[in-house]
Amino acid sequence: MKVQRRTVLKGLLAASAAVAAPPFLRAQAAPFKIGLLTVKTGPLAQGGNQMEQGILTFLTEKNKTLAGRAIELIVADTGGNPAGAKTKASELIERDKVNVILGPLAAFELLAITDYVRDNATPLISIAAAEDVTQRKANPFVIRPSATSAQCCHAMGDFASKELKFKRAATISEDFAFGYEQMAGFQRVFEDNGGKVVKKLWPPFVTPDYTPYIAQISNVDCVFNGFAGSNPVKFMRAYADLGVKDKIPLLAGWTAMDDALLKSLGDEAVGVISAAWYSSEANTPSNKRFVEGMQKAYGVLPGGYSAGMYVAGQCVEAAIQILGGKADDRKALAEALHKVSLTDTPRGPVKFDQYGNVVGDVFIRKCEKKDGKLVNTVIKTYPNVSQFWSYDEKAFLGNPVYSRDYPPAKNLE
Amino acid sequence: MSARGPRFFAIGVAIAILLTLPLWIANSYYVNIASQILLWAVAALALNVLVGYGGLVSLGHAALFGAAGYTAALLLKAGHGHLVADLAAIGFTLFVSAIFAILSLRSTGIAFLMITLALGQILWGIAYRWVSLTQGDNGVNVTTRPRFFGISLATADAFYYAVLIVFALAVISMAIFVRSPFGASLRGTRDQARRMNALGYNVWLIRFLAFLFSGFWTGIAGLLFVYYNQFISPQVMALQTSAEILLMVISGGTATLLGPIAGAAIVVVMKNVASAYIERWNLVLGVIFVLIISFMPDGLIPGTARIWRSGWQTLRARAARGVRVS
Amino acid sequence: MSLWLTLAVNSIALGGLLFLLSAGFSLIFGLMRIPNLMHGSFFMLGAYFGVSFLQQGVNFWLAALLSGVAMALIGGLIERFLLKRLSGQELPQVLLTLGLSFIIADLCLMIWTGDPWQPATPPQLRGAVQVAGLFFPIYRLAIVAVAVVVALALWLMIDWTRLGAKIRAGVDDAPIARMVGIHVSKLFTLIFALGAGLAAFGGVMGAPYLSVYPGLDAEMLPLALIVVILGGTGSLVGAFVGSFVIGFLYNFGQAMFPDLAYVILFLPMVLVLVLRPQGLFGKVMS
Amino acid sequence: MTALAINALCKSFGGLRVTSNVNLSVEAGERRLIIGPNGAGKTTLFNLITGELSPDSGSIELFGSDITKLASRKRAHLGVARTYQIITLFAGETILHNVSLALLGLSPLRWSFFGNLDRQHHIVESAREALAHVGLETIAARPLAQTSYGERRRVEIAMALAQKPKLLLLDEPFAGLSIDERRDVQQLLKRIPREVSIVMIEHNMDVALDFAEKVTLLHFGEVIVEGTRSDVVNDPRTREVYLGH
């Protein structure tokens, strides 16, 4: 804790030094360019818009000046596909010469550009969850202030087995890497605590009707779902409509019960327990500012996509502070970003492990209806959760990356 | 016949511009955009063989594009050399094209479109679901670009010239193909399939070979794509990509050499360049298509040529009148 | 046991929704030979209209009807001012309908944002039927009932009215219909409007269980295509049977062959097209 | 030698018999006229001979060899050529290109990916020759869209002739022509050498009668009368078919 505070203090000193510097020095510095890789068209635009709102809220709050540097934000729309992400990353890096990139949204977009940002030595702060980007293929230019796919799911597995005392679980998630990794994390901790995952269902990303999958669920204590985008809305309605929700409690990953999604959900979401790395209920000063700013500017309750970008903005600010005046050296910036340690962010304290992934709190929330509105009430906080959970880092990295087949599901029925 | 002079001049200017492009576009980003236009133009030219000259509208070409890209990416990842990977990619694409052709050429028109669409979706589904082979939506990274005669294609400029060479070969082969007896036969099957049969042509085989020819160049474009992005994932095989290539062909003008190239330029520029300035670029792209089709139903290139000609004639007529008056 | 029963009942429910989606598509395709690649957009836009009406406090059924009418108007205008000029030109029609679908998708994103919307199930139809351990939402059964009513209405219209006779003549042979004095041009506008309206109506009906979100258009279009291909173009019976066949294929396929989930609908489509290009109920097109 | 021998040929569409047990024998070099009212099954018979339709039963022999099961394109290579009642040309091309396509269909060159069709001299020369035969050589380069109906009829014939057929099937070559144009086409048909056997369908007896040695009357898919010109004209059944009593 002490070390953290000292870094922050040092950062603050640097900031005040920057402010105190003679005006002509500040005026000479070209604006610090932040490139935002987001999605503004197509099916993923929901999360993409929230990302943009998050960083805009942060920059507005800071009056577009971070640690004394004027900030220029350049927004690029990838269209939600890897090739688009690559082209837009090259637009930001080669044409606009940005100092740092925030984004992209989806794991498959991130994977398409990690080699590219390393080759072009541009720091990237992503909220995409692909595990290996901060594990076996850790990239010195990438940090992730949100969470790996499994980071919250480990906690969910723990909570489901230890606190809820569930013994048998089914999992359901989209048939893609984000889903595999989430379900794997849940399964690993749940089974290590004596539980059994007896059914794993993988509907395609595009599934008009989840009934064929839901109908297969029976004889379990709980169902863990990891849906993302607009899918959770569809899934949870079907889950409730088919009468399963009254019999089998539903657990969820962060994307499935994100606070920003609550306005799209109805009574079917009441009672769902979720694990998330951000809660709009969190009682930190910065979160209050953030939630207020989002309410004021957009009239919405923020969720993880916005919060992730707000935190990313804070990381950029802290890194500039660490570097004092030399924030234009991208390699140094990447190193500084790894060293960032923040005590007050909307998601709580944030620091990074040596692979660039966040170590931070994970909240277990229960969805309730208060004054006619849905809220995710925090019922337990797991502090300082690492991407490796309580496992030994070396052993963790010695295993294959989480996937559909790893860890193997030995208890399927 | 007198149109030959200006035409050669225009072609000469185009070649000069393409050859010197990286010199006066200093920024590698724009050079990369030029490479993208050329590589998509190759794909559009390939599809145009079927759509424009064969009258066979395929909505499954993204699968062929992806088949080449995946074969190359997976073989490279397995440690094979570029030559082996590329040859195998083309071979596999031809094989897939042959299967597509055998199944889809039982019909023409809308039914052909539907079969190719369904086959494309099936291949896309395989790329998505066969995770142990394709790594699903995580995609496959390609770590290196090939070297040509000792020249690395890692830089934007070098890669541009490599794509330009391939593009030029594609254009030349299309130009030869269109004029060739086989090209004439294919156009005949488009216009009067039954009569062609009665004249002694093997209509099915002509279409089959045209499909392979189209598949070959689609595969080449797929290879360029995977080397350009150094990455491939199932998204590129989705219906949207097939539709995009088809839109390039139709908006530019089917059965023309320049049309698909112009169409590719429109789509690539809108998607990648205009999107940086216009937030609702997708809407603008849609509006552009609607405008093209409203004012030039035969496509941008034939439409512009028509307007150009009639404008020229009015000008000349007006000039002639002016002379008389004075 | 209850799994199979649930799947079977749900197959029928999904079939009902698919019929609402594809009946109009089949008519447009069969009569006008237009590959209407914005049919999914009609469905999505209709659903969004419905969402907005519902937010204004409009009754659910009224919202569905209003949305259908609004979409029919839009569809009619599109046909009258854009598609009409391209009659018989397949490729320009493809370009136009795809271009319009881009526009509609982006407009929806602008107006209704990227957030998913899921209207509440109409209060009269909430709850579930419970028989012998089977639990099934009433609303989905209501969709089947609506689909059957719509099918009957369409059938009555086509088989028993003058308009229907004209449509049948038009489907069979447009030039001849024109010769015997049927105003094909007006008929086409009407059919296109009807198809658009039906899709929009279906969109509202589907909204409480599919929800509405960007990308819904691209999800629904292939389904409409598959239904019509399977059933045969221009055949109402074909669209009806095709919808339920796809409903069953989808439900049982997803549950029984999860590894084939992506191709479960396209494999039969290829099979039908290769073996019987005119579809199960279609006539041979020359 | 028999050029064309048709034995007990049958074809139905749905329940409708359009070719009913047709027997027909055309000698080498013969000119045969097939007449019959609309819907008699004349064009269907042509489609069966060229292989564009396949018969339900019966057989077709061309110069003694059975071609019943042979693909349409292979029959073209054996020397069967035809014209169409409804003009079936390549509308976007020139007259010369249309005829060149007919020639290319029988040439192995059709598979060539290289070279320019318009510069294949022997094909272009033969095409010009065929066009000269029908009197269109001066407008060979004209796009088809700019030609008259009568000229298109002649292009049809030129395409068939260009293939140097052994058996030429003419489907209503006079349909829609003016009196002058008819005379031109009559002249042109007369000039066709005797190595070519010709079967001609004509709805209108007057134009074509003097062309043929033998006439076959088809009605509802059946051969009603067959014989010399006068035999058929004078046969009461002919009158019944044509005048309806």
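Should a chain be cited, it is by its letter among A, B, C and D, assigned in written order, with residues numbered from 1 in that chain.
Criterion: a contact is a pair of C-beta atoms (placed from the backbone, for glycine too) under 8 Å apart; a residue touches a chain by one contact, two chains touch by 3 or more.
Quick caveat, the model's predicted, so the values are computed rather than measured.
Colleague: Quick one: which chain's Cα centre is the longest way from chain A's?
Modeller: That would be chain D.
Colleague: Check B-C against B-D and say which one is joined by more contacting C-beta pairs.
Modeller: Between B-D and B-C, contacts are more numerous in B-C.
Colleague: Quick one: chain C and chain D, Cα centre-to-centre, how many Å?
Modeller: It comes to 48 Å between the two C-alpha centres.
Colleague: If you average the CA atoms of chain B and of chain C, how far apart do the two points sit, in angstrom?
Modeller: The answer is 32 Å.
Colleague: Taking each chain's centre as the mean position of its Cα atoms, how many Å separate chain B from chain D?
Modeller: From the centre of chain B to the centre of chain D is 42 Å.
Colleague: So what's the Cα centroid distance for chain A and chain D, whole Å?
Modeller: Here chain A and chain D have centroids separated by 75 Å.
Colleague: Do you know which chain A residues sit against two or more other chains?
Modeller: Within chain A, residues 41-42, 175, 204 contact more than one other chain.
Colleague: Mind pulling the chain B residues that touch 2 or more other chains?
Modeller: Counting only residues that touch two or more other chains, chain B contributes 128-129, 280, 282.
Colleague: Specify the contact topology among the chains shown, as one of line, ring, star, complete or other.
Modeller: Topology of the interface graph: other, matching no listed pattern.
Colleague: Pairwise, which chains touch?
Modeller: Every pair of chains meeting the touch criterion: A-B, A-C, B-C, B-D.
Colleague: Tell me, which parts of chain C touch chain B in their complex?
Modeller: 29, 33, 35, 37, 82, 85-86, 89-92, 94-96, 98-107, 110, 218, 222, 225-226, 229, 233, 259, 261-263, 266-267, 269-270, 273-274, 277-278, 285
Colleague: Taking the touch rule as given, give the residues of chain B at its contact with chain D in the complex, in rising order.
Modeller: Residues in contact with chain D: 176-177, 179-185, 187-188, 191-192, 194-203, 209.
Colleague: Going by the contact rule at the top, pick out the chain D residues touching chain B in the complex.
Modeller: 50-52, 71-74, 76-77, 81-82, 84, 88-93, 97, 100-102, 104-107, 109-118, 120, 159, 163
Colleague: Using the touch definition from the top, list the residues of chain A that touch chain C in their complex.
Modeller: 41-49, 175, 201-204, 206-209, 211-213, 215-216, 218, 229-230, 233-234, 237-238, 241-243, 260-261, 263-266
Colleague: Can you list the chain A residues touching chain B in their complex?
Modeller: On the chain A side, the touching residues are 40-42, 76-77, 79, 81-84, 86-88, 90-91, 94-95, 107-108, 111-112, 115-116, 130, 175-177, 204-205, 403-405.
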